[in-house]
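Multiple structures follow.
The same chain A turns up in both complexes below, where it pairs with chain B and then with chain C.
Our next item is the complex of A and B:
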């Protein structure tokens, strides 16, 4: 079921001079319930602007946008968006800057109360949201400002989750996080999507971090959407990434090259480190030979140990042995 | 070049952070400072720059003892950049801000314009020279801050998460520039970073944990020790992570952190097993 439909929407900032290009140009998209979307683009490509259309902060200056049952048509300002905003949770860039209460609990309860929950319901929602981002209840009483950067980011995302949105949109949620926190955050979003059926729309300029997690990729360049589709299709078209000034992830380069050299369709290739390792071992004669050799020759000498560091060295010694 | 001996340091009303810390960085070496959050990494680089003073112990920069008298002279030769660039802008335009450091160092006016234009061109910030620093995004600010530092040709660079807000493309460009300066001009670099590519480009990784140097190793050794890397909140880049995983599972093709090398190592043995 489509929950968001953009029909050729364009957007121009109110204060923009007439010479300035449109922030969004003729964007058409359909987002389905329960999928993980990654919007990828360089700085200034319009990805944040598009994101903020999803809960009506910006409304199109041209075209038509429907989010759930709310229709935004150019020229007609829609008001009374509270019901929509309880369904669409928007996580801004550096969301921890919006934490303001003295305890995590109060910050988490703020949203639900705004949307009409009583104190008890709000507290229950707060606890649930906190657990969902992987923090335990002990955090409720703490001040958000004494937490580490990664923890603050998680709490800030929990404040949006507490209102129980069906669609969660996030603007560069991993920016400035350390690499481990980044991985943990993406895993969390994937869980919310797979286990709870929520729709995730995440903006990033780092394709590598979402390559394994996202179901669909939306590529943006200078206000326009230049690609929408799956990972496999994206791997087949690295030129689109180059045009959009996105760094091609090494995983994609590997997939692309293996597909070309071995004549395997990209769809049959694995993803993620473990997936790739297993696949490569399965599809390599060196691995099976190495296993045979160590199995038959338990007194493998130190020299052979050194040999195995180089694949060419290993092939040669194998040939001599035979 | 940088020599810390018997450093003791304690923030007021907190437990001692460093007791008897010792670190030598020879001229021209590129050192990555890594460690868990709150382990003392930033404190260490602030001590080297004289922003903080040790309770006891000595810091020598290029043979000169760092103290109240020498600190301004040492700072002149040292380029220091920290995580949040907002705190380091002074002027109302990017151009004036870059000029500010040179004015302090008495660079002749005639040279200044030329040097600013050249560095702006190299770092791709020419378009922003007349803008107010506050109107720039986080990543743009970091690029401007880096330009303001590089234009001064420092002998030592001390970075504290100075590239954390850059997009991938700018990060790659910056790394290339850093490599060039390190290789051709013998720049000494001390950098607190979580960026795996940057760590792998450096000569040495120093792991700070609870105020002590818990490990002092080559960058590749750091990533080989998966638990230690995880504890430092680091993750190896894809190619290195894959070669580590392959080795662990019995297929040792060597450790490669460049994708091309990984490919070359893989090809000889690869075929499709149905």
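Our next item is the complex of A and C:
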């Protein structure tokens, strides 16, 4: 079931100005319930702008957007978006700048209370969200402004999780997180997606961190969507990544090298060191054959090179001899 | 929010006002302030208005923009007007409600006060509209130089003012970010009733203040790590050049101000 449909939406920041370029150009998308989407693109490609359309913070300048049962048509400002926003949780970029209450507890309870929960329910949701992002209950009483950057970020993500949204939209949530928290966060999102059927839309400029977790990939470049599809399709078309100025993940480079040099096509990209080890065990026959072939090929070509080199050497010495 | 914040922003254009020396503009502003304060009659205020209108209209910036610059001060102006109307007892009594009386004098004084305020805000906007921050900084430093005699460093003050001006849009951006986050969590500023709007704005105070302090601290460290030393002798990439038109500009204001003081 499609929960979000974009039909050729465009967005311009300052409407009055002619010089202002479009931040989004003719974007058409369909997001399905219960999938993990990764929006990948270079800086300034319109990822954040697109994301903020999903709960009506920005509304399209052109085109039509539907999120759940709310329709945003160009030119008509939709108000009263509270019901939609209780279903769509949005974590902005630099989430540490979005905390505003005196204590972490109050900040976490703000959303649930706004969406109609009573104090007890809100507190329970707050604790649950805090534990989910890997912080313990001791944080509840602290002021959000005395936390470290990474802790603030986790709290900010928890503030959105506390409202229990069906669609969770995150704008570069892993930037500035340490590697451990990074993988933990992605694992948490994946769990929410798989176990509870929530839809995740995550923006990142690092494809490698979502390569294993995401079901669908959306590439953006200069305000336009240049590709949507699954991982398998993406792996087959690395040129798209280069065109969109996205760093090709090492795993994809490795797969590419293997198919180039050994002639083995890596169709389903293994993830992580263990994944690659498994892959190697599974394909050990093909791999060893390929390696043998590669070894003979390279020794043959070396032989060829020396063969080529020697006659010239002879003629040179002949000339000298004369 | 960004579009509405027009006060204190440079507007690029080619006009004789843009070409003027910032020192001349700053001095002229002070003279203008004195003139406006000294003007007591509608005729005097009308002369100043005509005078400033001519300059505003030739500044290459649409008049509407100056009008918008005064917008944030409208509530203050309304308050000033009311204050005069309600508490001035001289003149013919037009209306009396309880202990309050509305008199002709009160209305007149109230109108003058608003008029003066408008003149000041619109006209002083010309300074920030037509002068780049760098020029303004250099100009301020030059104008404040005499303060050195009483042990105040003009460099420190201009640096402070420049930084303060530079961070106004940043702080608004930060507040806007929090408003967006609150909207996403169910408290949309635009959908709320007036009382709730007030409450929401109060919640901005702490994070924005904390953010400003954090920013200031980071800025100090960044400046020091790049070798900034307070009151060190500095060279300047740009130099101000005083021209004939600058002298003429100042003379115009001296005549205006002298006229207002004498009359």
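FYI, the second predicted complex is superposed on the first by the 262 of 322 C-alpha atoms of A that agree within 3 Å, B and C clash if a C-alpha of one lies under 4 Å from a C-alpha of the other, contacts with A are read in each partner's own complex, and residues count from 1 in each chain.
One rule holds in what follows: a residue touches a chain if its C-beta (ideal position, glycine included) is under 8 Å from a C-beta of that chain, and two chains touch if they have at least 3 such contacts.
Please read all numbers here as calculations on a predicted model, not as lab measurements.
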item	value
Touched partner set for A:181, first chain B, second chain C, both or neither	first
Chain B versus chain C as contact partner of A:145, first or second or both or neither	second
Touching partner for A:92 - first (chain B), second (chain C), both, neither	second
Comparison of chain B and chain C by chain A residues contacted	B
Contacts of A:102 with chain B and chain C, given as first, second, both or neither	second
Partner chain(s) touched by A:43 [first = chain B, second = chain C, both, neither]	first
Chain B and chain C contact sites that coincide on chain A, given as residue numbers	none
Residues of chain A defined as touching chain B within the complex	42-43, 148-150, 175-176, 178-181, 183, 205-206, 208, 245-247, 249-251, 253-254, 257-258, 261-262, 264, 273-274, 276-278, 280-287, 290-291, 308-312, 315
Complex contact set, residues of chain B against chain A	37-38, 137-140, 164-165, 167-169, 172, 194, 196, 230, 233-235, 237-239, 241-242, 245-246, 249-254, 259, 262-263, 265-273
Contacting residues of chain A [partner chain C, same complex]	14, 16, 52, 55, 57, 79-82, 85-86, 89-90, 92, 94, 97-102, 110-111, 114-115, 145, 159-160, 163
Touching residues (chain side chain C, partner chain A) in the complex	2-3, 174, 177-178, 180-188, 190-191, 203-204, 206-207, 210-211
